[in-house]
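Next come two complexes built around subunit A: one with subunit B, the other with subunit C.
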Partner chain A sequence: MRVHRAVYVRGLRRHTTYRAATLAGILTNCVFGAINATVMLALFAARPHINGYDAGDAVTQVFLGQALLAVVAVMGPPLELGERVRSGDVATDLLRPVSLLGWWLAEDLGRATFSLAFRAVPTFAVGLVLFDLVLPGDPLRWAATLVSTVLAVLVSFALRYLYELAGFWLLDSRGIWAVAGLLGPVAAGTLLPLPLFPPALAEVLRVLPWASIVQIPAEVFLGKDSLPGGTVLGGLALQACWAAALLSLGAWATGRATRRVVVQGG
Partner chain B sequence: MADARVPVFRPVRAYLLLAGTWCRALAQYPASLVMMTLATSLGVFAEISAVLIVFGHAGRLEGFSLAEGLLVAGLAATAFGCADMLLGNVENLGEHIRSGTLDVMLVRPVPPLVQLATDRFAPRRLGRIVPGTVIIAVALVLCDIDWTPGRVLMLPVLLVSGTAICSAVWVVGACLQFFVTGAREAANSITYGGQALTEYPLAVFGRDVVRAATFVLPLAFVTWQPALYLLDRPDPTGLPDGLRFATPLVAVVSCLAAAACWRFGLRHYRSTGS
Partner chain C sequence: MTSVRESAGSAPPSGAGEGPVIEAVGLGRDFVLSEGPFLRRRRRVVSAVSDVTLTVRPGEIVGYLGPNGAGKSSTMKMLTGILTPTRGHLRVAGLEPSRQRTRLAGRIGVVFGQRTTLWWDLPLRDSLALTRHLYRVPAADHARRLAELTELLELGPFLATPVRQLSLGQRMRGDLTAALLHGPRLLVLDEPTIGLDVVSKSTIREFLLRLNGEEGTTILLTTHDLGDVERLCERVVVIDRGRKAYDGGLDGLRASVPAPRVLVVDLASPVGPVRVEGARCVRVEGPRQWLELSDNPAAVIARVADRHEVADLTLREPDIEGVVAALYRGEAAGNRTP
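Take a look at the complex of A and B:
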């Protein structure tokens, strides 16, 4: 556990170095948030209610999505694990007396903690200034949103870990990222809130793990009854199930992958 | 020597040669190239589906119907796709400065901008241009357009102008990296952000944004003014209708401004020395 804590702290501290990049990232998130939010406002001006969403809900989700984008890294950057599989450096990782999954999870949680404080909070604050966002009045719902965000990071980490683990078989995970980096954000609800999709498609996307990365946290924040079971707890349970299932799959696949590994010397 | 007499074409020849070399290199892995191209196309389909969904719910936005919205989105995808393919790699400037490879480019007898643009030239970006043009074609059939000879002739001019403006935006965005390290993501807000902005009829964003995109960063001439011209609409934000005819001129001016930025940036470049 001490090792993991040390890796977590280093992951967190490492990202504090790139201050200019953090500011630039916030700027980009805000620009995209403003563009998408304006499109949503124009759409809802034409049709005030669509599948249970109104203008306030949609604009809030747009900014939540932009705020979470860096935290859950759904559009990248990929875990460095993939590059290490390609270069063979993963051999060093496998020599360590801690599990591969635990090591990278600790590192990624450090990154996510930094992003939550210094990317998500400022981005959402800018959204609050520019647009009429809907805020939960109930402090419990704020707490639920925080839990939901942590679960979103776990689900997203597990998915990104699996993408990179595929590199053990494919030798190059960039092809997977080329597809997952495009379709993941769409299925997560960052391109458009999922309720705007055709209902049949939305129902399918809603139960897939990607929805747990942005759509479910947004609905928890908004207190929507479209969550599984109609309650916030149902949403959190769905996320927890995906996190547990995908992390177990990751742990199992790690065992299979390391049995395949052939490291060429040099 | 033909190219000694027409020195203007030498950078073009160098560009084609270097880009061709990268294409040949990537063609060694045909399966990978095809899959990456299809993945790029998926991105266009996702964006276009979003536009379709928005127009499907709204019916009309700022007087634009679904087919007309599709025309705007198709123009945006094509113009940005072409600019991305021709000059998109300039966004790696910061990386070249950091690692010192820009210094290597400066001593070679080929303009550094050409080398920068062709470094890791990516033919997979055709996956953006081809669906973009197909969408334009479909939208042009669906829209009710009064096809005068002028409109037919202007269509390629508008596409070239849009590409030129987007390319200029890419170069200006890259030039920021001469002065601010880590500006790459900030540049994304005008390059990819610009694409997101031009994907919808610009009037959606309100008068101030339309004015800024007309007079400051001329993104209005990528899709908005061309669409107004093709559909023969008055400008709903009250700007003069004559502006749409300025599109080619704006393209030329943007390219000159981008070239000036590039020269200014290059003159103030100081090697990291690593």
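Take a look at the complex of A and C:
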């Protein structure tokens, strides 16, 4: 565990190196958030209620989505693992006396923590200034949102880890990212809250793991009864199940990958 | 130097009484390649390593040589556990590498010259501090060993520099340190001096000799730099097309291929090609002549001096580069194993 803590701290610290990139990222999130929120306001001006969402809910979810975008990295950047599989540098990762999954999880949690503090909070704060966002009154719900965000990061990590691990078989994970980087954010509810989809489609998307990355945390924040079981706990349970299942799958696939490993390059 | 391992500090380089550090019998690895245009791919099995039998004893420095594509890197990957052999028996530091990879990682140090284990964005110091947790080295041991390595490899001036700003030579010294902080019994180096200048190469070679001499660390290295081989390796293993072509001392390697010694004679005045028994004139430039020897040099020198006035002479050993090149071309007198 000590090594993972050390890796976590380093993952966090290395991102502090790129200050200009952080500022640019916040700006991008705010601009996209503002455009997207304006579209939502226009839509809800025509129809004030859509499948349990009103204008405030939708705009809030838009900014939650933009704030979480860097934290859960649903549109990338990919884990460096993929690039390392492609170049063969993964050889040096495999030469460490720790599991590949644990190492990269610790690193990614460090990255996510940095992004939560320096990307998510400023982005959401700008949203608060520009728009009427809905905030939970209950402190417990803030705590639940934090837990939900941590679970979202775990689910997102596990998915991205599996994308990259596929590189061991495909030799290159860029094809997977081309698809996942496009469909993932849609299924997560980043571009459009899932309630705005046709109900049948929304019901399917809601139980897929991507929804646990943005849609479920947003509903926890908004306190929606559309969560599984109609409660915040139901939402957290769904996320926890996905996190456990996908991380187990990742651990199993790591064993398979490294046993038939093709480490590339001389 | 003192070591994290209790036994190593005073262990003689020969490491008498211990089993082999590396034991490979009939080691082989095949790859399946897909070839041809997209819709008509064919699968073809190629053998990167076909049959390598190798024993390395504690305290040895072994050079593992071969042309590009001979199977050197594949062997290194199997030895370190990141590539599973297709066939054969393999034990490294008492473990089966591919099944016990993470345990093995604690017993060996590995440096791939073209890759780095250091954290690109962080100061060198941070990467080195991490190895303490990685290998669970007690803090006092870690600090002492880091201080020693810092001094020997002169890391002091750039410990606080982010790795991405280090020169290649500095980075390599950092990587070597990271691989050695846990006091491994075996150090595996894949082209450790690639791309380095003469001074950096020499620093690293002297350091490796010292590590081997004082701690008895076994070293296996691949290299295309024959200076490394001549300076470091008492024993060389040459691999060609996945098979062992030679295994033995450096002198034996010289003897195993027809690369004769050359006597360069400066005569008092230019004459026609010298003809004496046991030598063949291969080149004439004014008063200077090159004679390939097939007899004892002393006898040939006496014969030349009998007939001509000699101003100066030098004897040139065949350099190892020429020998290995000849071996690759299949000119070996016969495969030899000790």
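Annotations for the structure displayed:
Here is the rule we go by: the second predicted complex is superposed on the first by the 263 of 266 C-alpha atoms of A that agree within 3 Å, B and C clash if a C-alpha of one lies under 4 Å from a C-alpha of the other, contacts with A are read in each partner's own complex, and residues count from 1 in each chain.
Heads up, the rule we're going with is that a contact is a pair of C-beta atoms (placed from the backbone, for glycine too) under 8 Å apart; a residue touches a chain by one contact, two chains touch by 3 or more.
This one's a predicted model, so the numbers in the text were calculated from it and none came from an experiment.
Room for both subunit B and subunit C is found when the two structures are superposed via subunit A, with no clash between them. Shared-chain residue A:N36: touches subunit B; no touch with subunit C. Once the two complexes are overlaid on the shared chain, A:A24 sits against subunit B while remaining clear of subunit C.
Look at A:V186: by the touch rule set out above, it reaches subunit B but stays clear of subunit C.
Centres of mass aside, this uses C-alpha centres: at subunit A, the angle toward subunit B and subunit C in the superposed model is 90 degrees, to the nearest 10. Of the two partner chains, subunit C is the only one that A:S99 touches; subunit B does not reach it. After superposing the two complexes on chain A, the shortest C-alpha to C-alpha distance between subunit B and subunit C comes to 7 Å. Interface residues of subunit B, counted against subunit A in their complex, comprise 32, 35-36, 39-40, 42-43, 46-47, 50, 53-54, 57-62, 180-186, 188-189, 192-193, 196-197, 200, 204-206, 209. Residue ranges on subunit A touching subunit C, taken from their complex, read 2-3, 5-7, 10, 13-14, 17, 88-89, 91-92, 94-99, 258-263, 265-266. Interface of subunit C with subunit A (complex): residues 31, 68, 73, 77, 80-84, 98, 101-103, 105-106, 110, 112, 114-117, 119, 121-122, 126, 129-130, 133-135, 162. Subunit A contributes residues 18, 20-21, 23-25, 27-28, 31-32, 35-36, 38-39, 42-43, 46-47, 50, 175, 178-179, 182-183, 186, 191-192, 196-198 to its touches with subunit B in the complex.
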